[in-house]
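Each of the two complexes below includes chain A, the first together with chain B, the second together with chain C.
After this line comes the complex of A and B, so read on.
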């Protein structure tokens, strides 16, 4: 069985929504093909591999989710907006998907599919152009950043009154997590935050955990969850029908277009970090050596 | 005003949405946080439906549960053509009852596997998938022989009935249950025919069909 490289292993990985784990009720899930058990005990959370119940794994509760690691985790990335007092923070759902984590991240970064997959919500014909945007990889912070992304959206959020040109910033601060900042329909000076945290159950199966941190004092949590689940439910069959399910890191394996700039940077970054799980690694060809 | 207690990702909730869209009815939606909130098991919701299941439809003070019962009610009350649930034709009504029951069997297999895979319900996923394949084989044969006899829909009439609406959602969502439809060509053609009914609407996970090529 393929094991994650040390870079991947030494990250925090999401394994459950806070509310999914009740006291007295062991919660079973899988991380990197390893069955694990999460328990909420009187003195806090306990996470163990099912086959090594005496050895506790590191545990962290952050952003409404439970995180653990099979290695020695480096600090979890920051989402400073999450702690702003007037934000409505919610777990929008944890959904099992038959896809690799990197394919799910790439889909999250892609704007080109909005008019076709999220018709009349995040896009609509004839507004199909993905305008030029900027991408940088910050080696120091270890994250991919895409800025100046703009797209016409008929209904950008639960709180939208009508169509608007929406500006996006995408961060990929973790090989399997992405955080998106988008124009907030109710306050033009601030941004709504939507994040996807992918739990690698296996190389070709994930649990997609979704966080929303929104400026919206009108909609109910149920309404805001429903909006995000509607969107993700539209992505799901697309994700599950991608072939191969693992993300190829060889730049020649698939044919990118200009709109895929962020995906190209993401694939290159995974390659540089030696990420080997949920991907088809770049193998140097004889002619290149 | 008709009110539907609804969860977007539920195929059973999609059944009344689909029929109401086809019949051109306006209605109000009350979103229920089925997952992750389990609101359908909350005390307030259990007062509305003691079975703790979605959907629930409220019309004129009448509270109805069970997706097929709701289809029967909507079609009988609001379908001016009288085609979707033909009250004056006992043979067709009996046929529809058979396929409404079949729809429940699809829910118990294909939908159960989908809930196990995507929302972690405690389900024997392999058994549910095997059960769905058995049903799909029967459905495919029924539709295949129907096509040979000039019948496009589940029941005898030359138009669709509530039987087609009841069986459509969880067949259309079967890939999410890990039940591919490669081996069921007649099912695939029938799904496209349902998608071309005027007034058809999608749900998350179901995409529209393009127009049919004129023969």
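After this line comes the complex of A and C, so read on.
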């Protein structure tokens, strides 16, 4: 069985929403094909591999989710906005998807599919253009950053009434997690935050955990969750019809266009970090060398 | 199983391809998107969009094109070439993005294909009114399914081998017909039994039920045996890498000099003074084109002329063009009028598109003057086919002079002919048509130079931004000033060349062995468009709009020169 390389292994990985684990009820899930058990005990959370119940794994509660690691985790990335007092933070759902984590991240970074997959919500024909945007891989922070991403959206959020050009910033601070910042319909100086944390159950199966941190005094939590779950419910059948399910890192496996700049940067970054799980690694062809 | 990949196997019943459906086919570990276009042609393609790998079997069959569900990329009937990428509506997909296709033959009520380069198709059966039974999927190796099917023959009868995986036989418990039974090898451990009866039975439903029960019993028996052995590993599908050219994101548009032989399939009168030509592929289909594209036609007298393709989406068997008889012809139109006959062979270039149609407009306005209708006809067919909002204004001297009048009829209310107007009336009508600009509208105009100038001036006056006004001149009527001399530096080729007075940049490039695409060579078609990295070009073309000219970021090397001593080009 393919094992994650040390770079991947030494990350925190999300394994459950806080509320999914009740005291006195062991919660079973899988990380990198390893069955694990999460328990809420009197003295806190305990996470163990099902086959090694005596040896606790590291555990962290952050952003409304429970994180663990099969290695020695480096610090979890920061989302400073999460701690702002007036934000409404919520677990927007944890959904199983038969796809690799990197495919799900790429879909999260992609704007071109809005009119086709999220019709009349995040996009609508004929407004299909993906305008030029900027991408960089920040070596110092170890993350991919796409800025100045703009798209015409008929209904960008629960709280928006009509169509508008929405501006996005995307961060990929973790091989399997991405955070997006989008213009906030109720306050033009601030940005709503939506994040996806992918739990790699196996190479071709994930649980996608979603966080929302919104500036919205009007909508109910249920409505805001429902909005995000509607969006992700539209992505799921597309993701499950992608072949191969693992993300190919060979640039010649698929056909990129300018709109895919962020995906190209993401694929290169995964290659550079030697990521080997949920991907088809790049094997140089003799002819190209 | 590699030797099997050259063999033909049934992958679907003809009935699996109803109007505008996409069928998910499987053969030897591969998945196919199988769809019938409105012209009856059956396409068997790899079931994967080249962009992001999404199955095309969940895509949308639009009749002449298949549209991917994920990003709306369109692929043409027959060629599987990509014709439109909605994320970049202003660009023609210049690179040859073509999905992988598989051979296909429809025979005896079944759709046949092969998993690789196929042997010649040999009809395994007599042509007859074959009646397809319900296909039965079986989880067992195709070889085991075949052997068990052969063993299920009526005692005393002898199955006759038709193909490696097909037999003519009487099934035990059947109704006495000589059925044709084919085993479709789906994967290493899966197969489908596809059986045909030699004629439609008197009671079709009862017969279908009878054989369904019979074959399902056989299936259960085979699967019981199959479960005793471990299941074989599924065949790992091989995905061919895309070409190196497609793997990067070039902004460079590659012109190509490839010449294609075509046959003049039809030469006809397409209106007063206009000759219509259908140029057909000698074999199979012609390369994928997009609306607005043109081809170079090499004429028997050695001249090369550019003509727009008038075809609708997915019409790939011939290119339709229109040629105006010019009284003062330089030899192009008169050669076509006099020397070119039906059945003649001509050489043409691959289609190039320097006049691409955006499909992200809320409303598109097309304005054609005379023979300028040709590229707009292709656009109108596309917009009409995709049910997009458009109006199509056609100016002609008289009803008889209206080119392609038959083709216009189908557009109904979208078309407004403007017949026999004088200059003043034309001006007033154009003013009305252009009107004021509103968000996401686009205007396309092609016709005589004075008409184009007027439309562009009206549009500018009415607040239309340059990027919403698209035009194509027939020819550049400006007098070209060739008196300057200057230096050209080629950034990527690390070459410095002197361009003397009287010679074009393009000529100097070619003399020095630099391959450069070109077509009209008079600053009208845009094929030689080149990025300018430094220096100020002296624009003398009619292809770039004012904003583009002022940006000095690109130029046409066939006519434009330099105002600065040196130009640095991205070549």
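Heads up, the rule we're going with is that the second predicted complex is superposed on the first by the 287 of 289 C-alpha atoms of A that agree within 3 Å, B and C clash if a C-alpha of one lies under 4 Å from a C-alpha of the other, contacts with A are read in each partner's own complex, and residues count from 1 in each chain.
As a convention for this text, a residue touches a chain if its C-beta (ideal position, glycine included) is under 8 Å from a C-beta of that chain, and two chains touch if they have at least 3 such contacts.
Keep in mind the model is a prediction, meaning the values are calculated, not measured.
Contact with chain B, but none with chain C, is seen for A:233 once the two complexes are overlaid on the shared chain.
Contact with chain C, but none with chain B, is seen for A:251 once the two complexes are overlaid on the shared chain.
By the touch criterion defined above, A:96 lies against chain B but remains apart from chain C after alignment on the C-alpha atoms of chain A. By the touch criterion defined above, A:241 lies against chain B and chain C together after alignment on the C-alpha atoms of chain A. In the overlay built on the shared chain, the residue A:20 is in contact with chain B alone; chain C does not reach it.
Shared-chain residue A:221: touches chain B; no touch with chain C.
Ranked by how many residues of chain A each touches, chain B and chain C are led by C. Once the two complexes are overlaid on the shared chain, A:137 sits clear of chain B and of chain C alike. Residues 237, 241 of chain A lie at the contact with chain B in one complex and at the contact with chain C in the other.
Partner chain A is touched in their complex by these residues of chain C: 31, 47-48, 50-55, 58, 69-72, 85-90, 97, 239, 241-244, 246-249, 251, 359-362, 388, 440. Listing the residues of chain B that touch chain A in their complex gives 7-9, 31-33, 35-37, 39, 117-120, 175-176, 178, 203-205, 207. Contact residues of chain A toward chain B in the complex are 17, 19-20, 91, 93-98, 220-223, 225-226, 229-234, 236-237, 240-241. Put simply, chain A touches chain C in their complex at residues 106, 111-113, 115-117, 125-130, 237-238, 241-244, 248, 250-261, 264, 285, 288.
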